[in-house]
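Order as written gives the chain letters A, B, C, D and E; numbering starts at 1 within each chain.
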Amino acid sequence: MSGEHLSTVDNGAVAMAAEQRSAGVPDLVARRRRRRGAVWAVRLAAVVVWLVGWQLTATYWIDPFYYSKPTAIWSRLVGWFSHGTAFGSIWTQIAVTLEEAVFGFAIGAVAGVVLGIVLGRARFLAEVAAPFIKAANAVPRIVLASLFIIWFGLGMSSKVATAMVLVFFAVFFNAFQGAREVDRNLVDNARILGASRISVLRTIVVPSATSWIFASLHSAFGFALIGAVVGEFTGADKGLGLLINNAQGTFDSAGIYAGMIVVTVLALVAEWLISTAEKRLLRWRPPAASADVQT
Amino acid sequence: ATGCRDSRDKAGAAGADNHVSIMVGGIDKVIYLPAKLTDQLGYFKQEGLDVKLLTEPAGAQAENVLISGDVQGVVGFYDHTIDLQTKHKCVESVVQMADVPGEVEMVASDKAGQIRSPKDFKGRKLGVTSPGSSTDFLTQYLASKQGLTAADYTTVKAGAGQTFIAAMENGGIDAGMTTDPTVAQLVSTGKGKVLLDMRTEQGTRAALGGLYPSSSLYMDCAYVKAHPQTVQKLANAMVRTLKWIHAHSAEQIAAKMPADYANGGKQLYVQSVKSTIGMFNSDGRMDAGAARNSLKVLGSFSPNVKGKQDTVDLSKTYTTQFVDKAS
Amino acid sequence: MNDPVIELRGATKRFPSGSGPAHTAVRELTMQVAAGEFVAVVGPTGCGKSTTLSLVSGLEPASEGEVLVRGERVRSIPRGVGYMFQNDAILPWRSVLDNVAAGPRYRGASKAAARAKAATWVERVGLAGFAKYYPHQLSGGMRKRVALAQTLVNEPEIMLMDEPFSALDVQTRALMQDELLRLWAGTGAAVVFVTHDLEEAIALADRVVVMTASPATVKGVFAVPLSRPRNVEEVRLTAEFLEIYREVWESLRVEVARAREEASRVG
Amino acid sequence: MSGEHLSTVDNGAVAMAAEQRSAGVPDLVARRRRRRGAVWAVRLAAVVVWLVGWQLTATYWIDPFYYSKPTAIWSRLVGWFSHGTAFGSIWTQIAVTLEEAVFGFAIGAVAGVVLGIVLGRARFLAEVAAPFIKAANAVPRIVLASLFIIWFGLGMSSKVATAMVLVFFAVFFNAFQGAREVDRNLVDNARILGASRISVLRTIVVPSATSWIFASLHSAFGFALIGAVVGEFTGADKGLGLLINNAQGTFDSAGIYAGMIVVTVLALVAEWLISTAEKRLLRWRPPAASADVQT
Amino acid sequence: MNDPVIELRGATKRFPSGSGPAHTAVRELTMQVAAGEFVAVVGPTGCGKSTTLSLVSGLEPASEGEVLVRGERVRSIPRGVGYMFQNDAILPWRSVLDNVAAGPRYRGASKAAARAKAATWVERVGLAGFAKYYPHQLSGGMRKRVALAQTLVNEPEIMLMDEPFSALDVQTRALMQDELLRLWAGTGAAVVFVTHDLEEAIALADRVVVMTASPATVKGVFAVPLSRPRNVEEVRLTAEFLEIYREVWESLRVEVARAREEASRVG
């Protein structure tokens, strides 16, 4: 799951892998499967080593008051999922945070892509807007979160706004750069073939910028979750952020880590969905770049 | 102090004798005003101490850095010492500046007709500064005294200051617990009304059936043991401040504080000081009954303390040894 | 000759070149192409042929002088222009068929109509079996042919072609040349055709323009009095062909030598 | 200032601008100067309209208690710079925050670039590491900030760590993608010419990824500042974060905005420096892409 | 003939092609090139010539069969290989001089030494005046020549060249051909030279390999019994030349026709 983005054929090593690759195509499938197995094995091993190490250290050396320990975190998770939390069912908290993050992600991503591409292609506008956008990007999100609560109230909208802002900037800068990096030849060719400005944008600039945009989307849902959590930290009556905040307030380090784990799992699931979408959209790529066909 | 560490052994040892760092749970909060005021009055210096005051807006972080030895003292609510004892951490209040919470249960003006006492909390959205904070516990206690359970109302984290006010103004919360200057601001603008005033002994007893010690300087037990002279000097300075507070008017006190503190409006700040200073005692001494009441209140809600009341040794959560000598 | 469709009057193109003085790629170029005329352009490598085409296409503005298409100054891409670039410009994220269908789509055809039109062109350039391939799966010569189909499917009135057949084998090239002539005949389109292959230039064109070494300007214009329709394979063997070939070759040889000399001297 | 990054020639509009461009090269310089003037004029106009609008709205309609007003913010700034703040000279606060941000930026950027490029070229490693890195990216920074205080103490290092984390992820994902997007032909050619793996990395992958990396660096210093401020929010005795926090606690909305303005100005200055560096490093680019030579 | 430096034994290359069955680009290709031998490869466009070179270079592994260089199976890039790609692969962020200096630098030469060596090569390909230009400031033919210099500066023992002169004008091409022969003579280097220009193939090579339509395999090998040293301009006019030309042309013509047919049929 979610290994697709952060993974690629080492183009440079293609020939180095020559021997392994010298067989036919069907063989490649088997090999790919085997390699996936190895990847999972190493991942699993890493997790096990880490958890065992943590458990031992926290039992014998460091202070679990700060660092908690895996068994304590596990039992906190079990507790949440079987008995619920201080604020009601854990599923409610997840649903609330997820809803905020999804809306924030959707709005922020769309706004970032659209504005990024438009400014990427409109020089004067971009120059005028540049200092304002950069200035806005430097506003600390936790300050923004309280401003949003003042502006939009304690409800969902203030958290959506915080999530949106984090996503927006992550996506915007990449979409902007992606729109700038478009091969000039392709644009010229399209214009000669009769493309209007809009068509150029739609058929040349957007597809060219796709890998830039996806590069940012991969981390953007994580940002959306962070935004929702930060918003909940600032004021809320439900949500994972509140849960973590409550754990902080009650010296429950296991609760802090458990909350972080839930957030993380959400991010990984979202990431997997995004990677699937990317794979479909970038099917045209040479296999080396999309890590798909060749070993 | 850098690097990961294990603080179990070294917590008390850190810090040279006359260098003290104190974390204030919101240095600009009026309920913690004696800390900054002592500094402003120069009393720490006069005791030969080099005190660094740090600030941190909400709750639990302060304890973490105290236990880890990054700071030697915390100015915060006494109830944390009880909470921490249940986590096997020894922290004790050495100067107890107030026996009342200094908190006020506010109600939005337009709901004041419907919410006249904690009885009316049912089905309401109640604001607290943060989950797990004293405002949270006191709110739960108030509600439970009326036979309400957590499911009967919604606890909303509303923060303090502008977020709290905005929440109250636009219906995010119906009522909520907070301190000055938020209270003063709400009252002066007419956005909120006082429902329960726990800034006075009388109001506190009425609301909680006893006192509830709040603003205190608490320190790691090991540190107190290892550096009695330093702690004594701190106690001397702070008790002196408490006495100074009692000898001066709110205007005079406000004038001693950094000008920035009145940036929200001089009038407002003076008003906040005026309505809060009543909570401070003049000797820094803990009232044993108040401590017991605190345990009782905590014991009915805090997930950490609930069911462990009997195992808590209150004598390890405060000492009057230093303030006795100071006064 | 009727009114020229394409006219350059003293057109000059300078490129800013980093630090030094501007680089002059084309200098005071004056030439005309009439409707229905096929003009081949030859010249030493790097002299400014591609630059000239880009001036006519409206993609680059002239630094001085005038570039007119149908009597109007070129300010943006003139209507009816088709331009096959010297280097690859096909869309990597589209299949061969969809690449060829791009032009009709841009010009408002429905998806189905554009594809149908594209399919016949994909076949004409001999890529029917590769219609679903993506560009990275094609050989160099195949990509060139995709670009060719992409340009011709629009049936341009003004065709600018920059070494369109250079990556093709002799025979495929001959087939494409024949195809091009067949299509062009009777359309009244004006063609400017850049090539390094003198035989190709003469076999196809009504006039061959020889350019000077950099900065490019017109060195000589040679009319090709061969009758049409021509079969490119056969026409090469005629005496007239060989004579013109010799003439043009002589003119060009001098320039190429000069070009080499200058290139080394500038350094 | 700092208009260089967010600005570009609209490649597609080159021909549309043909008329304006038809003159010689020296003329271009004059035109460029004129256009810069226009950009500044529009920017200035935007700022003026905004400030005047704000002032009027806050005076006649909305509640300056929440929204403050420009004159109040200005006088707060004047006060800070002439009389100092509650925590000492404003310059001290700036120096503290800046130091934290600069260290965090430097460490985070270097780590992000190095790890991004290495993982971008090492497929197996990347696949194994992918879920962990994405998981780490989904950890809310304000939670991290409190953990860092526990781990590293209250001093500068915990703020540097927070800043570093924000910068790292911003840079990492782009460096990673940049390393993946390298033209396979260029790599193959270099290897044929005799380049070792290290040389390929140094001479092909790194230069290719430069525009990706810069795209992220443009927003990264803003993130570093945010990280420092978030860290200061969590516990500090100096810094701009503390100043803003103090303003929040004392109903000083002018102070909140004034603090944000100071942070923003720092970000813009840093951005200007980064743009200058980028311009030098990407001198080889066709002018259309680097917005340098042509109109 | 001495031991072959390059040997393909039944080499087959299949490409995974999206959905359908694998695409076979080269099938059971068997050929040998000895040290000091110059082999030209011709064949219909898209037949698999470039793929063959990539097998020898070690950049692509064979799907079946064996590819040997100096008797050893190719697993990575063999020592001493120079490969000039069909399409541009010069570094956009380096000047012409630094592009050419890349090889020596990679192979451990000092910056100064590498540049000095590069400078002579930049001159040889006629770009002395453009040493400081960046690739985007060059014409198509100039870029090709940069790539040529980049390959030759390394003095490879095995030279793989994929249509190196296709973007050059006739005269520059002739000059480059002469230069290539001059350099190669006596070095003992093995050359595989892909071209679409039959005259070029015959004028340069010891043997001409004609490939079949896709999937490529060897259709015929024609020895070129022209004596060396040759002057490419003059050699074209000899009777032997014309005879071989006719032979090769005949062989090739059939294949090209078949290639076109197949391409249309597959679709």
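The criterion applied here is as follows: contacts are C-beta pairs under 8 Å (C-beta built on N, C-alpha and C of every residue); 3 or more make two chains touch, one makes a residue touch a chain.
If you're wondering where the values come from, they're calculated on a predicted model, not measured in any experiment.
K.L.:
Going by the touch criterion stated earlier, list every chain that contacts chain A and also contacts chain E.
P.N.:
C, D
K.L.:
Name whichever of B-D and A-C has more C-beta pairs touching across its two chains.
P.N.:
B-D
K.L.:
Since chain A and chain D are copies of the same chain sequence, what is the angle of the rotation superposing the Cα atoms of one on the other, rounded to the nearest 5°?
P.N.:
180
K.L.:
Taking mean CA positions as centres, which chain lies farthest from chain E?
P.N.:
Comparing chain centres, B lies farthest from chain E.
K.L.:
Average the CA atoms of each chain to get its centre, and name the chain whose centre is farthest from that of chain C.
P.N.:
Result for max centroid distance from chain C is chain B.
K.L.:
Using Cα averages as centroids, what's the distance between chain A and chain B in whole Å?
P.N.:
From the centre of chain A to the centre of chain B is 39 Å.
K.L.:
As a quick test, compute the distance in whole Å between the mean CA positions of chain B and chain C.
P.N.:
Distance between chain centres: 83 Å.
K.L.:
Hey, how far is the Cα centre of chain C from the one of chain E, in Å?
P.N.:
The mean C-alpha positions of chain C and chain E differ by 26 Å.
K.L.:
Could you check chain A for residues that touch two or more other chains and list them?
P.N.:
Counting only residues that touch two or more other chains, chain A contributes 14-15, 66, 146, 150, 188, 191, 233, 248, 286.
K.L.:
For chain B, write out the residues touching at least two other chains, lowest number first.
P.N.:
Correct list: 4, 61, 64, 68, 162, 166.
K.L.:
Out of chain E, which residues touch more than one other chain, so two or more?
P.N.:
18, 59, 77, 87-88, 134
K.L.:
Contact residues on chain D for chain A in the complex?
P.N.:
1-3, 5-13, 15, 35, 38-39, 42-43, 46, 66, 119-124, 126-135, 137-143, 146-147, 150, 169-170, 173-174, 176-177, 180-182, 184, 187-188, 191, 197, 200, 205, 211-212, 215-216, 218-219, 221-222, 225-226, 229-230, 233, 241, 244, 248, 256, 259-260, 263-264, 266-268, 271, 286, 288-289, 291
K.L.:
Touching chain C in the complex: which residues of chain E?
P.N.:
Touching chain C: residues 15, 17-18, 23, 42-50, 86-88, 122-123, 126-134, 137-142, 145, 163, 166-173, 175, 196-198, 249, 252-253, 256-257, 259-260, 262-267 of chain E.
K.L.:
So in the complex, the part of chain B that touches chain D is made up of which residues?
P.N.:
That would be residues 1-5, 21, 23, 26-29, 52-57, 61-62, 64-65, 68, 70-71, 160-162, 165-166, 181, 185, 189, 258-265, 268-269 of chain B.
K.L.:
Within the complex, which stretch of chain D touches chain E?
P.N.:
Listed in rising order, the residues are 183, 185-186, 188-196, 199, 203-204, 207, 282, 284-286.
K.L.:
For the complex, which residues does chain D have touching chain B?
P.N.:
Counting only chain D, the residues touching chain B are 65-66, 76, 83, 85-86, 146, 149-155, 157, 233-237, 242, 245-255.
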